[in-house]
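Chain lettering (A, B, C and D) follows the sequence in which the chains are written, and residue indices restart at 1 in each chain.
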Amino acid sequence: MAVSNRINPVSKLNRDTGFSDTGNIHGGRFINRDGTFNLRKVGWPFWRRYSIYYRMISIPLWQFIAIIFIFYLCINLLFTLIYISVGVDELTGMISRSGWKMFKEIYFFSTQTFTTVGYGRINPVGDAAGLTASIESMTGLLSFAIATGLNYGRFSRPRAHLAFSDNAVIAPYRGKTALMFRFVCYKEQHALTDVTVQVNLAMLIEENGHANYKYYELPLERTKIESLPMNWTVVHPIDEQSPLAGFTIEDLKAADVELYVLVRGFNDVYSNTVLQRTSYTYDEIKLNRRFIHMYKETENGTILELHKLNKFVKQE
Amino acid sequence: MAVSNRINPVSKLNRDTGFSDTGNIHGGRFINRDGTFNLRKVGWPFWRRYSIYYRMISIPLWQFIAIIFIFYLCINLLFTLIYISVGVDELTGMISRSGWKMFKEIYFFSTQTFTTVGYGRINPVGDAAGLTASIESMTGLLSFAIATGLNYGRFSRPRAHLAFSDNAVIAPYRGKTALMFRFVCYKEQHALTDVTVQVNLAMLIEENGHANYKYYELPLERTKIESLPMNWTVVHPIDEQSPLAGFTIEDLKAADVELYVLVRGFNDVYSNTVLQRTSYTYDEIKLNRRFIHMYKETENGTILELHKLNKFVKQE
Amino acid sequence: MAVSNRINPVSKLNRDTGFSDTGNIHGGRFINRDGTFNLRKVGWPFWRRYSIYYRMISIPLWQFIAIIFIFYLCINLLFTLIYISVGVDELTGMISRSGWKMFKEIYFFSTQTFTTVGYGRINPVGDAAGLTASIESMTGLLSFAIATGLNYGRFSRPRAHLAFSDNAVIAPYRGKTALMFRFVCYKEQHALTDVTVQVNLAMLIEENGHANYKYYELPLERTKIESLPMNWTVVHPIDEQSPLAGFTIEDLKAADVELYVLVRGFNDVYSNTVLQRTSYTYDEIKLNRRFIHMYKETENGTILELHKLNKFVKQE
Amino acid sequence: MAVSNRINPVSKLNRDTGFSDTGNIHGGRFINRDGTFNLRKVGWPFWRRYSIYYRMISIPLWQFIAIIFIFYLCINLLFTLIYISVGVDELTGMISRSGWKMFKEIYFFSTQTFTTVGYGRINPVGDAAGLTASIESMTGLLSFAIATGLNYGRFSRPRAHLAFSDNAVIAPYRGKTALMFRFVCYKEQHALTDVTVQVNLAMLIEENGHANYKYYELPLERTKIESLPMNWTVVHPIDEQSPLAGFTIEDLKAADVELYVLVRGFNDVYSNTVLQRTSYTYDEIKLNRRFIHMYKETENGTILELHKLNKFVKQE
């Protein structure tokens, strides 16, 4: 990769980003499009460095349900094996006493115990089966206590619900050139208040023979709006102060340019401060494109057209 | 609609409202009285842009209970049909074996399984019914896990519990003219702390042949109080700085005037920052009216009279 | 009540307290010792102005449990009466068919249905009883969903857990006179961070023949500490700036003096900002008293003695 | 213990720490390594000063599960004894009517009632047993309501998940000498935003024959970073302004030096401000050591090596 040595001495460095100057030097982005950091942590056991709770509340709904059903399947399998191993004769009321049919009957008995339905046709008469059943029903209730918590965690986790345009664009803007991207809160009933946006720029610069990353906070036309009912197009005017002054597409690539974007606001559905990140790398920045309007005024009020979020036209 | 071209050059525009200058130009308000934005979002599938969770925690209690009962009714109907389709003979202990009576008996068996009561007189003996029952009892428990979460979400959602006067009034005030409205925290045990209020004014102005909305933040007599035990009458003095200086009722209408009001505070019942919006359009602004006192001092302490929130008298 | 006309022209009024100048003029305090406002709200129906949720999470534990048990008693009574009115013969498996014994047997069947134990000896065979049972078991589960939520609300409500001294004292302090009170976070494992305190003074003053309340924010020796592991003695030096300069005990009474105290902090157990209020009226202010130390250093570390919170000695 | 009288007159005292000047004079640290205050509270009954909820959500998972199982064991034991004392003949369906076998059978019946499985082979026919069973099943459901709440409290408590280096080091740094320690957010999916760090220094100083603690806030090279994807090495340059200027290891010991460290940030997994404390005493400060890099750049991206958090090398 060619390395840039273009550096605008007027632009002020941002030394407080928390990123290292040698970061991701072999390529790859700092921040993924979904806002997570492109970074792995190793050296400690999995259970200490991994948050299962966070995982469970952030996976898609179908995965969450699938995990619950698989868990339900497996734990009943386990208890079925325990009932069989302690002896089928400790269970009264069974119809079949051996083979695959018996296995299925015990399996269903296990589910009846785990969910505390407890029809009672089959029920434990021996000590070992009685003990197993009392542990299973407790385990069942605790499992549903956990499911209740995870479920509520999934519902109530404060999120910004922002969608960003896939690309940033560079285009003429009010007589100058500007870098722009836009975002929208896509949830019908949500609208953020006191929304601020910060855009940092990472550039790989060769100085005195060393290639290091440098970071700049890009000056924006507007860094705060009071509420976000519609979309917001964030504008960085590329003037003589800008670290991108005079850059070509090749320069962007040579400098391995990446924008990282941080949006904050107060979501009054959750009554909570929310935050969302994203990033644009040099190959996600389009030259000479202009976003088209994504709302229209009708007789019945304003309509925001989410599908136009990433629609732009040529403008030279 | 006639369009105003009255514009006070002294008043400072607020460019950070987040509203567009062509917004709602066909009429309709920006913000509904209940604080939601008068805006629709289209172009993405329903399930992506709609928050069912928020819907479930913000609907009235009777609707919430109705939805739960209807869900309960339907899901048991569904499972009843499944039990019937896999064969009634897989259920033991039934009294009737056919017709409407059997249907009802299976329906009640289904409710017993769904709620995990599981009396057990009727219970599954075949594989398909056993499997259905084990899925149903799990579904039942998960449904109640969801209900528990929604229920807690309804309880614990931090809200400001503010009631606003239905009208804003314009009346003489301390030797000048002022625009006023008032609000109160109507919950007995709640009292906000560090309450701030912001009022923005939207006006449709014709300039150079174009009709555009302009936004002003109205200067207020007081923008913050330390606590809100009683009502707060918000006062905007209409002096020469005010964008409303010299307006008549006709001017208000011609300019399609709308006030949008944002109140914030810290609610110590929820230990959370809360926020509530409302708006007043020109036809909700009354001229020459004065709010009457809504509290009285008695031997037994101060009494706040909520029913007087919107009571005013003529004053000219 | 004699009314004061002592007024210190140097002291700066606090006009943003949110209290009215005619407040509580018939006597009674502004703020109760427990921090609630001494104010009633009327004119709207109970269910709109009363927060049952807040009530349920703030009552003592024994009351909460008592309410749950009484509810459990009553709802089962209700369902028992329904089962009886739809006909006892719709329940199979009963031992007694009439009288007080039958009533008790049905009552216990009702509890078994409500809690979803569902032993099944007694179970519904008729339609009406089946329907009642299916509604009861659902009601039971929803009731426990509500109890789960209330219970979690009780646990997790962020609180400051502060105890204030019963009295404020006025005593010599570092060569001057000062008004002092103190407080402590009494929970073993809690310690607030970034604690601030604000003290407002309410005084009834006669000016031009009118008696009105005036409010002052008292200047304090220290208004913020970084953490609160121990007790904090809040000190208002009564110098020539103080609105209390030169007051005697009689003056305090004549002016119906009340201090209202607001403490805020960040509680890292709840990871939340917390807030607690209290007030001292003139008769809770003691002259010439000095608080004794409430902690001691031992070989085994520092010990905070909570029972000494309100211990003071004479000092003249 | 020898007491220091070294005092840098240039350094500015921090009088707002909330610690007393005689604190922990007999030795012992102010703040434990895990961030809790080294302080006991006495004089009030246990249940008022102890937070059982906090205890239950902060103990290790295995202890939490153990407590639940022990509670389950004991409460069923209690109810078993009640059933026996009210008379075994009030339970129908039992196989054994006396001795150890009967005890076990009733115990399992109790677990079936407590978990609301209610198979129903054994079920109460008498009043006393019926009443006991109805109380037990309610108690069971309420216990699981509490467990659900505690469980969710354990999951969702906002934490910083920071690991600090075991030692602080003093070493040459950019031409000067500096005191350094470092920390990292060890959870894979968490990354704090707007992280600030504050370091206070406690020193026992003899002045005019009295030994008192004095507190300084240490000036840091950097007190805030925008995000914390990697580790952060906090640097206090020991220049002529530093209260540690010219200190030897013996001086540190004589002054009973303790650093207390407070880190704050916004954790976007919990969408909440989080806070974590730790401290370093003089014997945890190593001279002439330098931390080695704890991340490496690879072809597949940046890797943070948590096991190197406390790795340092000699540097003189």
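Please note the rule applied: a residue touches a chain if its C-beta (ideal position, glycine included) is under 8 Å from a C-beta of that chain, and two chains touch if they have at least 3 such contacts.
Owing to the predicted nature of the structure, the values given are computational and were not obtained by experimental measurement.
The angle of the rotation superposing chain A on chain B, based on CA atoms and rounded to the nearest 5, is 90 degrees. Set against the C-alpha centre of chain D, every other chain centre is closer than that of B.
Shared numbers divided by all numbers used gives the overlap of an interface; between chain C and chain D this overlap falls below half, so the copies present different residues.
Here the CA centre of chain B is 28 Å from the CA centre of chain C.
Look at where the CA atoms of chain B average out and do the same for chain D: the two points lie 39 Å apart. Under the contact definition stated at the top, the residues of chain D that touch 2 or more other chains are 116-120, 148, 152, 272. Those residues of chain A lying in contact with chain B across their complex are 68-69, 72, 76, 95, 104-105, 107-108, 111-112, 115-121, 144, 147-148, 151-152, 155-156, 161, 186-191, 193, 195, 222, 224-230, 232, 266, 268-269, 271-272, 295, 297-308. Across the complex, chain D meets chain B through its residues 116, 118-120, 148. Within the complex, the chain C residues that touch chain B are 14-20, 22-28, 36-44, 48-51, 53-55, 58, 92, 113, 116-120, 123-125, 127, 130-131, 133-134, 137-138, 140-142, 145-146, 148-150, 152-153, 157-159, 198, 200, 262, 270, 272-275.
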